[in-house]
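Listed next: structures, encoded as structure tokens.
First chain A sits with chain B, and in the next complex the same chain sits with chain C.
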Partner chain A sequence: MRNSINYLVTVASVLLPLVLAQTAAGATLTVCKTCALTSVKQAVQQAKPGDTVLVNGGVYQESRIEVNKPLTLIGKNNPVIDGNFTGQLIAVTADDVTIQGLTLKNVATSYTRDDAAIRVFQRSNIKLLDNTILKTYFGIYLQNSDNIVIRGNNIIGENKGRTESSLGNAIHLYYTDNVEITDNNVQGHRDGIYLEVVKNSQVRNNVSHQNMRYGMHFMFSDGNTYTHNTFRNNGAGVAVMYTNNVRMEYNTFEENWGAASYGLLLKDISNSVIHHNTFRRNTTAIHMESSSQLDIKSNDFERNGWAIKLMTTCIEDTFRLNNFTGNSFDVSTNGSIQENHFEHNYWDKYTGYDLDKDQQGDVPYRPVSLYSMLVERVPPSVMFMRSFMVDLLDSIEKVLPSFIPDQLIDEQPLMRRIDHQAV
Partner chain B sequence: MKRILSRTYGWVVPAILFLTACSTEPKPVPYGNANCTHCNMTITDVRYGAELVNDKGKPSFFDAVECLAAYVNSNPEEAQKASFLMVTDFSNPTELLKVNDAHFVRSAALPSPMGMNLLAVSTEEAAKKIQQEQGAELLTWEQVLAIVKNDEKLH
Partner chain C sequence: MGKIIKYVFYDIVRNKIVLAYTAFLLLLTIGLFSLGGNPDKAVLSLLNLVLLTVPLISIVFATTHFYNSYEFIELLVAQPIHRRKIFMSEYLGVACSLAGAFVLGVGMPLLLLGASVTGLYLLLTGVLITFIFVGMAFLASVITRDKAKGIGVALLLWFYFALIYDGIVLFILYSFSDYPLETPTLVLTALNPIDLARIIVLLNMDISALMGYTGALYKSILGSLWGISLAFGLMVVWILVPVLSSRRIFSRRDL
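Let's look at the complex of A and B:
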């Protein structure tokens, strides 16, 4: 008996504030085809700050909805707002706005305005959750805002027969801080996720694929973390540029094929961490330029054309405990490399021995082959790949190294592939 | 007669091909198919592409005015010898303009691909129009080079 009273008191004390919060949050205005309110725009205009606008199932032919007060805009039973290519769909011009569960579609390409399904300008505390956005120029576009959550959205562009120039980005952030971008699916746009001058943000668990240019593009955006994302089959992969202090962990970069394509492009990146990622079947897994003090550890490089292209402008980068398997070239460079450090990686091309059985090869491994340097300088020579002459060339160079950069060496290569799952 | 003609003038076609092959002309920027020579990004935004054609007629493409300017700043000899330095007319993106004929505009309201908010138009009127509508600063190519050199960003 005592127990059940205790239980009731606990339940009441938990529920009561919730009920109160509900009333404090204001009234709920329902929009449906047979309700007093039949348009979302109308409902948003009539709502008072703090109200909830509940949009019921159906297709609403509307555009240019301005959310100019703190509101919760929620869709129930899959309502669709169809802009019919007549302009931007929702512009948020107030703080504390939540938009959830809507399907937004049909925004036309414009070369003068960056029209989006949801556009936010100079606002904070905005939540965009579980929306479906189809056939728009830009999907979600935020500018000069902060404290943003973008979660569970499905943004699908129509890119058949179109060029990069006529496509916008699925998620586009410009001068926006403290953003959480999680569990989104973005495809068919120019860039899947575009971040320019975005600080202290998290990009987690997203899938970005079949975008015409980059799966993700990241410029001047310090102090961000991106983990557990999949970037697949995008025009040129992922580009991370002019940024310090980035963490990239547990991401998968795969199937980025093409002459100018790569899994990950690093340009002017410093003090950053690249751990536990998988690079599978990319033309170039990582292309590094002017990047310094990167810690590249415990990644898997599988079946890429080039696993790493390390340009001479890179310094003080460390490569440890990575697996290099089935790549045509493990490391290639365009000159003599200084002060980059390779240790304890597994290279499937390593042919050394381990007499003392300490799991480390007794002779060093040089991941840059003479032939890879030749290809770097004379690209057409790639057609001699796997020919007898090339094998001979590489073997001679291995025995008597004279052209390949002597700094670039793994003194203690591992004998066995590292199982990153087990660690 | 026909045969004589073709014999006499048969060399004309190859000669024209040969001459055009060697002429130094700016080429249209191959949007979506080329990487910027300076920043290595795929060039996509048709309003902002730029180009340097060297003394031998080989073009290098850029995704933004600021990338061309940064390249010129870091490769002064090559820029000096270049046959053409071209930027896209923002108001008419199929046109390329010589940098010395172009009017440059810097407006916080118009973000350019590499973060410097720079664009080019063909006439002073067009530049002033943007200035009135969006608020902007009008610049010459020399001023653009200086701004990019000092990395002076708006915001």
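Let's look at the complex of A and C:
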């Protein structure tokens, strides 16, 4: 009984403001082909602050819509706003704006104006929900704003036969705080999600694929959390730079395959957490430089070319409880000095034994092979991959290590693959 | 000439080693394909076989065969047949039967279970490798009359091309790592038929993405029709040089 009362109170407290907002604060203006209002621009101009503009199904050939008062712009029955490559579609110049359920398409490349489907400048409390954005230069472009929700948008560009510089980013954020980016699908742009100086934000459940450059790219964006995202088949993978206090968990990085491609590039990242991610079939799963105090735990590295490229500029990074299976090279590095720590990982190339049956190998494992060092130092020697001599040298070095960095060692490798799903 | 080739061929089939070789290849290929599940992986394992086992068996078998049929060769030389013809029929008889064994043993299951362009390249390079190493075996055999010495030379040749050469090149690359080495690497790999074969096959697998800039350079050269014909042309040169030089030695020397 008490529960149901609680429930009622909750429902009421959620619904009441909504109902009040609908009835008391604002009227609803409907736009359709046969209504009094036949263009979205007209409706937005006539609306008063707090009103709702309901756009009904149909194709509206317009652009440069300026939302300059708090409005809720909702699409019903899949309305399409087609810009016909005449400029930016929607510019938001007021706080408290919601744009939902619209299909926005056709924005031309504009090198000087950075035209986008939806652009927000110096505003707060903006919600962009369930929109479809097709063939635009930038998809969603926000700068100097805060308290933003970007949820459920499907942003698809066309990058076939185009150069990197003639493409914009699907979701582009600059100096924007408290952002929630969830459940979006972004593809076919330059960068899928681009964050520059974005703080205290959440990036969750997004799928970013087939972008020309990076699936996700962020710089100077401290204190953010990235979880359950999938980055697949992007030109160069995911690049994160000059940031600290980042959490990256349960993400999937896959099929970033190509001569200059990697799953995750970490440059100058510190004090961050990389847990429970899956790296599958990337040329380089993680490339790390100048990164310190990272906790890399419980990740799966499957069938990558290089699982980890660890430059000697990285210090105090910890690699624990990760699975390394089917990678051509597990770890490669460019020098002998190592101040990083490996423990309790599972390596499928480990050939040691476990006499006391504590599930930990009794002999340490050295994940860096002689050949991977050689390739790092003399790149042309990669042409001798799969040569019998190379395998022989690696085996000899494994028995009698003399060249490979002796500090880079897993003292207690696990005998069995860790099942991260079960944990 | 056709008659002698036929006789050599019958002789080889009768002593059953080639049949065993065919069966071995057949079993191994089928095993690899049914074990791995992934045809790409099976092709990769087959590549190791082609690069190590095929040269070894070709060179050892051809050398022993040459010495074993020495009396037959002497008999033929006494007949009014040109020595060149005798030599070439011996060579073609041995090389074709070994290549046939390879095509039957590896090619058939490969085409049936995992036909791909890479597989085709693998097959072609395997056949070429067989011809090259039979040629080298004949060169080793005509240099010396002593059977033990001949087999020794043959084994050394195999050892050099399959193992030592890569070690030497890696050492050179390491020592001169401060210089741009892309083109020298290209030249150095062309000087070893086994490396040539390995690279032709590897560049056609998706593993080539791992090879970065050098791989891209190789791919730009070997990826074109011109480049791939150049690579195969080089392998044909690798057949012609030992065969022609040993034929020359054979036709001039005192048996």
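Operating definition for what follows: the second predicted complex is superposed on the first by the 400 of 423 C-alpha atoms of A that agree within 3 Å, B and C clash if a C-alpha of one lies under 4 Å from a C-alpha of the other, contacts with A are read in each partner's own complex, and residues count from 1 in each chain.
Assume a residue touches a chain if its C-beta (ideal position, glycine included) is under 8 Å from a C-beta of that chain, and two chains touch if they have at least 3 such contacts.
Given the structure is predicted, the values throughout are model-derived calculations rather than measurements.
Using the contact criterion defined above for the overlaid structures, shared-chain residue A:Y174 touches chain B, although it does not reach chain C.
In the superposition on chain A, A:K267 contacts chain B only, with no contact to chain C.
In the superposed model, A:T283 lies in contact with chain C only, and not with chain B. Contacts of A:L294 after superposition on the shared chain: neither chain B nor chain C is touched. Touch criterion met: A:S328 reaches chain C, while chain B stays clear of it.
When the two structures are aligned on the shared chain, A:M385 is found in touch with chain C, with no touch to chain B. In the superposed model, A:A236 lies in contact with chain B only, and not with chain C.
In the three-chain superposition model, chain A touches both chain B and chain C at residues 260. Listed in rising order, the residues of chain A touching chain C in the complex are 257-261, 283, 305-306, 328, 374, 377-390, 392-393. Chain A makes touch with chain B in their complex at residues 111, 163-165, 174-175, 190, 196-197, 212-214, 217, 219-220, 235-236, 239, 241, 260, 265, 267, 287, 289.
Note for the complex: chain C touches chain A at residues 44, 47-48, 51-52, 162-164, 166-167, 169-170, 173-174, 177, 181-182, 184-185, 189, 195, 198-199, 202, 206-207, 209-216, 218.
Those residues of chain B whose C-beta lies close enough to touch chain A in the complex are 31-32, 34-35, 39-42, 44-47, 93, 111, 114-115, 155.
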